[in-house]
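The same chain A turns up in both complexes below, where it pairs with chain B and then with chain C.
Right, the complex of A and B next:
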């Protein structure tokens, strides 16, 4: 299995997290995303005509889109069905809902980070405002979930791919000038994710402080 | 008029805008320097141009000298385009290693950091953060001690030099196979530029060192464009591997930098508790103070 990967990409990080949680061996093919723009090279455009990362190759299958890749990996390599609860329609629906939400986080919080860090030309104020709108929704959702004794985005005792899809650009949001100060339930949820066995870091993400455990 | 215009020290410097590698020849590019919107281009003959941005020449359109705004000086050096919005100094610091034929100069990318340039230089000079921020690569607990080292301000060259710096590193460079005590030399030859020299894996005996540099472009007092690069004698690793390694490191520094408070650099050396690792930071702050820099710093009370 081969992941076309860029270290500083939150969307690639989602896949690295999943593969580590599943304990799967994989190969990485580092892509010179920046400054080389290798994701727009003919070789990679052939694999993903959208010119984006991540891309996963597994046998003959070539998949693009982080959420699609998470869905595939969880269904294929987690026989317990905990990460992607196919046999439970209610939870499956929730997972799909939050996967779509994760793409919204990419469009806002990640865009603001690309603007501040890699100088993408876009309306950063709009991106930040959009991120705050989504973070408020997520924070409120997590707060109510906690009241019900639920630790994760979707109901049930085990995290799902929805948590992995939402986590990276939330935890990297400060790099785009989006503070999480006003979202205490989001901060607690981030710490819970960081304490999951098999959790790995990426540049810009730090371990949770020992004392918070 | 912005504060920037009132500080001759920052004004009368060459500032980096971009690596030459990243310029699309013939097209207009936009950037910001000291709160001023600028544009630049490399024309069809390879000549470089910098001017105050004007709506007549928007970014990504073909460069047209007739439409460009008021011209600024443009200089090509160390693989980068430099400009000056004041009185340009005659010289820009030398980096002799860049001229050695068996080295590659690898620009590893320019990154925006939400902090002042001074804070970024200071972090670059500080070995004390290695085990905590670059865990498993440039340092590792419990080997956290910064050993005694020397710092001098070279009067002849007007630059800060820190020598005899040593640190245990699990993976000092992409080409390292195991942990080692690595020797470092730091140079700060420009208020916003610093270089570090570290033993190059495989070339220790010859005493040749890899060079890692950071050329900073102050966009505002608290938003900096950090041009990073590396000049290596490493023939086995590709450009891409080297870029990736440096980006991992810089990606780890960024959140640390952005959480500095205050974001501008206090020049009063009593403002923050000094530890041994800070010896070069103290020299840097004093040096900036003596120059009378006010932009992006909190000047010491006199």
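Right, the complex of A and C next:
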């Protein structure tokens, strides 16, 4: 299995997290996303005509799009079926709903970060405002989930790929000027994700303490 | 609303503070790091590390200490004092390195604080003893006064169904009491407006009675308050946004951040404590728990001791046995010495539970490194006391260590509760004669592992033996740390010499029969001291020139040979003139 990877990409980080949680060995093919724009090179455009990362090669299969790759990996390599609960229609629907929400986070919080860190030209105020709108929704959702004794975005006592799809650009939001101070339930959820066995860091993501014994 | 530093506001919900989390709060522009220690205590601190100003809200709540994410400075539960600086692993941080804290009260599902409280926290009369329900707080991007003006028109219902009649009962600055009636149902809501900054607020509501099924009620208020927020923010968008409140910080003195501060002259008894508990810990060992009469006891680090001033006029040093974060008391264990000169006998016989004693703030001349790959703690008899503080610190941080306790018998050992918690790390060696003790020590110190450190505390002969064995087994001086109870050396004070104080530009004569420390004090030179018998190291001075005549038990052989330091309460000078860096 080969991951076309850029260390600073939150979307690539989603896949690294998933593979680590599943304990799968994989090969990394580093891509010079910035400043080399290697993702727009002929070699990579052949693999993904959209010119985006990540790209996963597994045997003959070539997949693009972080959420699609998460779906594939969880369904194929998680025999417990917890990360992608295909046998439970209610939870499956919730997962799909929040995967779409994660695309919204990418379009807003990630855009603001691309503007601030990689100098993309875009309307950063609109991107930040959009991120705050989504974070308000996510914080409210997680606050009420906690009231019901639930730790994760979707119901059930195990995290799903919806958590992984939403996490990276939430935890990196401050690099795009989006503070999480007003979202305490999101901040607690981030701590819980960081305590999952197999969790790995990336540049800009900091560790949290061990849970109390 | 204008900045009111004297008033108490809710700044977080209790449910915002699960264990091992740091909440990011703010009041009147001041950011706060809010965290609950494992013992339940809620800390509200200024949200910046004293070292480089990094937010402590991204730090690590380790249950007993909060660790800054940047350079790893550690701060104690309650006191907010720095307990460890990884860049200076062999030093005890100065007690004056202490974060700015704010008061914290947990009540009614909320955490309350004030920047500079004008009076003690007062519970709202409607909330006293009530089973209340804290609502989901709603942050609003609008000035507190605008939020307050709109909050008057907040509409809600006891059941969530429409048609309820809402009336405003009380309104004060930043607070409203609202009552909603529907049929024979009535709900009272206390709505607090937390001033986050000039242009930001948080609506925090509490229902004075907890409904039987809270979830629908929580959802109802969340929807209604979110709608209220939309109206407020729509109006705020038409107004000029106020500038954020500017906050000034007191920078930390660069020198303070580097080295421990020098205490002032002589033994000090700056604290008054009550003996909250006195109990029999083991054969001939009494345990004492001291609590502050008012305020907070100062920060301690593992290895620290206090001077206890006794009713009979004597003063004695005792190591604290506290685990890290146990900052609401000091605990000591006192062995009754058969040849007591009056210190331990007085504590055993005269001092009783409820008594008030004068003690010094903790001093640490026996600091614990937290960067060793393994730490061996060797305790002889009552020498176990500083080892308990060290062992519990290493345990809390999951650092590898072993604690070897030498005692006459189980009955003499004591501290079962703490030793029980440390479990597998503890080995007891009971009833060994000096020869067997030496054999056991030789086994323990057989080979020094990489970056392994040894700490010893116990009676003089055992300490000498352990140091000699460690030396034979190739342990370098800097890896062997020790603390004597007392100096049993025969002090020879027959020499007379001259002491020049280089920084003070003062030359003094030390005659036979007087100590350097006494001469310094008589001439108004500040020099801290504690045991005044050459055991604790408090009165250490740096030697610039001269040949010290070491008579203490504090300095290591290497330190003695280097001739760069002197313990001024007992040691003297072989040459005619001694130049000190004072």
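What we mean here is this: the second predicted complex is superposed on the first by the 208 of 213 C-alpha atoms of A that agree within 3 Å, B and C clash if a C-alpha of one lies under 4 Å from a C-alpha of the other, contacts with A are read in each partner's own complex, and residues count from 1 in each chain.
Just so we're on the same page, contacts are C-beta pairs under 8 Å (C-beta built on N, C-alpha and C of every residue); 3 or more make two chains touch, one makes a residue touch a chain.
A quick note: this is a predicted structure, and the numbers were derived from the prediction, not measured.
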Quick one: is A:144 in contact with chain B, with chain C, with both, or with neither? Answer first, second, both or neither. second
Report for A:188: first if it touches chain B alone, second if chain C alone, otherwise both or neither. second
With the two complexes superposed on chain A, say which partner A:156 touches: chain B (first), chain C (second), both, or neither. neither
Is A:118 contacted by the first partner chain B, the second partner chain C, both or neither? first
Touch check for A:7: first (chain B), second (chain C), both, or neither? first
Does the superposition put A:36 against chain B (first), chain C (second), both, or neither? first
Could you look at A:51 and tell me whether it touches chain B, chain C, both or neither (first, second, both, neither)? neither
Just to be sure I read the superposition right, which of the two partners does A:206 touch: chain B = first, chain C = second, or both, or neither? both
Residue overlap on chain A between the chain B contact set and the chain C contact set? 206
Under the definition above, what is the set of chain B residues touching chain A in their complex? 19, 21-22, 59, 107, 109-114, 223, 225, 239-241, 243-244, 247-252, 254-255, 258-259
Considering only the defined contacts, which chain C positions touch chain A in the complex? 12, 15-16, 18-21, 23-24, 26, 38, 58, 60-63, 67, 69, 136, 139, 214-215, 218-219, 222, 226, 398
Which residues of chain A touch chain C in the complex? 140, 143-144, 146-148, 180-182, 184, 187-188, 191, 206-212
Footprint of chain B on chain A - complex, ascending: 7-8, 30, 32, 34-36, 38, 115-119, 121, 174-175, 177, 202-204, 206
